[in-house]
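Here come two complexes built around chain A, the first alongside chain B, the second alongside chain C.
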Partner chain A sequence: MGDRMVFREHLFRSAAVICGLLTLAIFCFLCVLGLPLLQDGHLLSLLSSPWAPARGLYGIFPMLLASILLALLSLALGFPVSLGCSLLITALAPRRLRMLLIGMIRLMAGIPTVVYSFAALFLLVPLMRTLIGRGSGLSLLTAAPVLALLIVPTMVIFFVAGFEKVNRAHLLALDALGGSRVQKIIHILLPGARPALINGTLLGFGRAMGDTMVSLMLAGNSTAVPSSLADSARTLPAHIALVMASDFDSMEFTSIFACGLLLYLVTGLLMLLMRLPGRSPDNES
Partner chain B sequence: MKRSQTGVLLGLLCMTIGFLYPGMPLQAADDLAPFTGLKGSLRIAGGTAHIPVMKEAARRIMSFNPDIRISIAGGGSGLGIRQAGEGLIDIGNAGRRPTDTEIAKYNLKLFQWAIDGVGVIVHPDNPVRTLTSAQLQGIFAGRISNWKEVGGVDREIDIYTRDESSGTRKVFWKKALARGTISDRANVVVSNGAMKTTVAGDPFGIGYISIGYMDATVAPVSLDGVAPDLANVRNGSYRVARGLYSLTRGEPAGLARAFVDFLFSPTGQQIVQDKGLIPVR
Partner chain C sequence: MTGQRKITEITVTWFCWLSGLLLLAALVILVGYLIRRGGPVLGLSLLFGDTPPLDALLLRKHVFDGLYPALAGTLLLIIGAMVLAIPLGIASGIYMAEYAGGRTKAVFSLLFDILAGIPSIVVGLAGLSITIFLHRIFGERIMPCLLISCLALAYLVLPYLIRTTQVALESIDPVVRRTAPALGASRLQNIGRVLLPHSLPAIIGGIILATGRCAEDTAVIMLTGAVASAGIPRSLLDQYEALPFYIYYISAQYTSPDELATGFGAALLLLLLCSALLVLALVLQRRLTIFLLYR
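== the complex of A and B ==
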């Protein structure tokens, strides 16, 4: 009996260690292969110059900017919806509706991104072209709502789990005091689920930042620095997908590793930054 | 009782199917004969101008011999050359001739089985049907940014181009744009099919595709008065043309050999013609 427990513990521990090491290994791999570009002090020019392989410029500043803009925009659209939806599921809606909603959210989480993108290509793109009044309809503004649709299920599932973990005793105490449902949300659910809210948002941001298909199909992929949200732009993952097929020995190909490294660092850094304040006392509860 | 009835019905069904099934033309059966007894899978990827022909060839081969599985993917000429060279796929397609370095490095064998043109397309509602080379270069470089400057409506031009891997892009850039710049404001799509769909959906767009892909959903634009069609590519007056290649690493063997030979057979070349390309034999 004890042996089996020990065996299981070892098994799970090694699984966790391998997962962690794998992430580190990817980091090292990217560093080593991207080194030629980073070594000769190219890093700064990489971050600030435009993408023009014909002129020997392999900068990824426009893509970095587009990635961050798009992720923030989709988060801005997706977060309120997710919060509202998860509160509806945990506290506000009648029981039947809750089951229906959570079922639908789970279904949505399983739909491949290419399906969303494909539908949007025929429905949303012509609409955006008319609304914006110039350009092709492929823009950051077109990709953002679709990306929001993509990250909402992830966030809702996380938020709901967080709300359900809030101390029941507090909820009962509020009921006994005659508090309204809105008071329950503001004073107990939201503060109690803060860590889950932060983590869910982080995860949503990470997914938005890393998604390839939506931006590849809907954002237009132009390499210019977007001067407005209605402009066509290329995100880092889409850039990697587009350039990956070029020659192994070319500078274009090497710059891809720098892109990957940057994507890795940006997401990693954001995770770290947003996690630090989350380590406050209410995380212990 | 029930069972015997089902049996009779099934028998009748089989007979009907057998009766209705069209006899294969003798020629096609001949050309497919090398596939008899072959087995296994064949991986093909790369140029997207090749895909319609590849799909039709694969369909015929697989229905002739169900033991053969052929998978066809896009990705662009660059990817086709590289993956064939690295041995990741059996046959790589390219819409441009691989560079001498690429051929030497990977020991590539080239098979050019069709000639194709690359033509400029716009939305069918766009009144602009002809451009000079200078106008075209101006549009793609971003110097001409409004359709009214070339005789169209007063609306910004949406430029569509292809990704780095595209052979169509390389040929178009070299022969139609005279190696001129392509604006960084251009939208980028990843296949001939995607280019057609996108321009067909954008009344103010301009792009370029393989002539084999052209149909009524997009309007071809004449370049210096020459329409991008098969006749003009054939007689040499439309000069934005290229060969369509299939590549293997070293001399192909087995299934890959049979497939390449099939492309050059009368049936294979008939498929090439049916798909709007120019056969080489």
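== the complex of A and C ==
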């Protein structure tokens, strides 16, 4: 009996250890398979040179730039909306509407990415084609609003949780002094939830960087360095998805492991940033 | 001064309401458009085409012009991934909540957060690299297949399961937590008889959310074995079709209005499936609590 109990307790620990090791294992897999590129000391040139397999150049700079541009753009669109919506839920809306809004946000969080992109392909792309006036309508500007729509629910849920943790005594004090709802937002909610606002934004940025389907289906996937936001561009995840088809031993194929490694490092770094001292550790993932 | 304050008040209020409205409008337009385009084709013929449904379900006949193979592939993926992920995820969650402490817990916590943050395409890439390793060891027989996809998807949803289990156990009322040990129960008995049943609704909610994640993910399966037409897989080592991959494939490769209509049908079907899972998670949580209270 005693042995069996000890055995089961060991089972719990081994499960956790296995899961932890799996996290590291992915990193190792990517390193080992991307090794040929890293080994030759090409790391810098890999990050800074263009993608031209015909000339023997397998740089991923255009994809890196496109990923960062697209993530920043969708954050610029998504952050104000998320902030406004989470404030509406926390401070402005009547109780019943608040429940409705939370339900809507949850529903949006559950909508498959591929469905968003599929609908946008027929709704937004023709519109952008007319607006931009050239090309196919597939561009960074087309993908950004859809990507923003994708990261807004995550950010709103995170922000609302942050606002709810703001010291209740301060809110009551403001009510007692006869402060308005907007004063409550400006003087108490926003300063009080600053860590949550920053962390939620980092999380949104990570989501935007890592999403495949939106950029793959809407950004156009051109391997050239995008010169404007209305240009077609290829992000890192889309690059991984597209190069897939070729030969397992080719340099093209090796380069996608460098992309994977880069994405892994960026998202890992964001997680570390979220844990900087002074930020409350959050478990809502 | 008061004038300026008034402007601030109005601006902030309008800004918040506008953001809410914008989001609502986006959702309504999106769902409305999908229903308008996909609604008319929704029906048995969308799933089975010209094949009699019963023959298709019993695998007596192949379905060539319906979504049935894709839907079946998605269901098989979900089952496979969940069978792999649930035991591991819940056991790890129990360890995190009940046994781990101090620095160990902090390290595991960081690892699981990184795991949760890894983009799904990278998980797919890892699945692909495992396939390559296996291919080198076992030869031609190992190609991207259902088994590899299930493994990769299980990996993708592990952090959800770990976190929901952990949070569910940690948020149990301390009074409930201490009662059984006070009566002489061992730590394991306390977990098995009191804590787990008590947090069951939340854990099941987490499982259903993870199921939704399995159903919708496209990036993982497109790297690990989903193809445009394969029929129902006969074994774990076969390639398969799946709903999200079908939607992606149609968006790039449709050749006729009929195919496009099927694509819209598939998008609506996937949307309904995921929303249903989400609503189920919310309803079930409440139902289960009541059920357990009055047992």
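Throughout what follows, the second predicted complex is superposed on the first by the 247 of 285 C-alpha atoms of A that agree within 3 Å, B and C clash if a C-alpha of one lies under 4 Å from a C-alpha of the other, contacts with A are read in each partner's own complex, and residues count from 1 in each chain.
Here is the rule we go by: a residue touches a chain if its C-beta (ideal position, glycine included) is under 8 Å from a C-beta of that chain, and two chains touch if they have at least 3 such contacts.
Please read all numbers here as calculations on a predicted model, not as lab measurements.
Within the superposed three-chain model, A:18 lies in touch with chain C and out of touch with chain B [touch as defined at top]. Looking at the shared chain after the overlay, A:273 reaches neither chain B nor chain C. Of the two partner chains, chain C is the only one touched by A:119; chain B is not.
Of the two partner chains placed around the shared chain by superposition, chain B is the only one that A:135 touches, whereas chain C remains out of contact. Applying the stated contact rule after C-alpha superposition, one finds that A:221 touches chain B and leaves chain C untouched. Contacts of A:9 after superposition: chain C is touched, whereas chain B is not reached.
In the superposed model, A:234 makes contact with chain B only, not with chain C. The partner of chain A that touches more of its residues, comparing chain B with chain C, is C. Of the two partner chains placed by the overlay, only chain B lies in contact with A:52; chain C stays clear of it. Chain A residues 121-122, 216, 241, 248 lie at the interface with chain B in one structure and with chain C in the other.
Chain B makes touch with chain A in their complex at residues 75-76, 78-79, 82, 102, 155-156, 158, 160, 163-165, 181, 183-190, 197-198, 201-202, 204-205. Interface of chain A with chain C (complex): residues 5, 8-9, 11-13, 15-16, 18-20, 22-26, 29-30, 32-33, 80-85, 87-89, 92-93, 101, 104-108, 110-119, 121-123, 149, 152, 180-182, 185-186, 206, 209-213, 216-217, 237, 240-241, 244, 248, 256-257, 260, 263-264, 267-268, 270-272, 274-275, 281, 283, 285.
Interface of chain A with chain B (complex): residues 50-54, 62, 121-122, 125-126, 129, 134-138, 216, 220-224, 232, 234, 241-243, 245-248, 252. The part of chain C that touches chain A in the complex is made up of residues 8-9, 12-13, 15-20, 22-24, 26-27, 29-30, 33-34, 37, 87-89, 91-92, 94-96, 98-100, 107-126, 128-130, 132, 155, 158-160, 162-163, 166-167, 186-188, 212, 215-216, 218-219, 222-223, 244, 247-248, 251-252, 263-264, 267, 270-271, 274-275, 277-278, 282.
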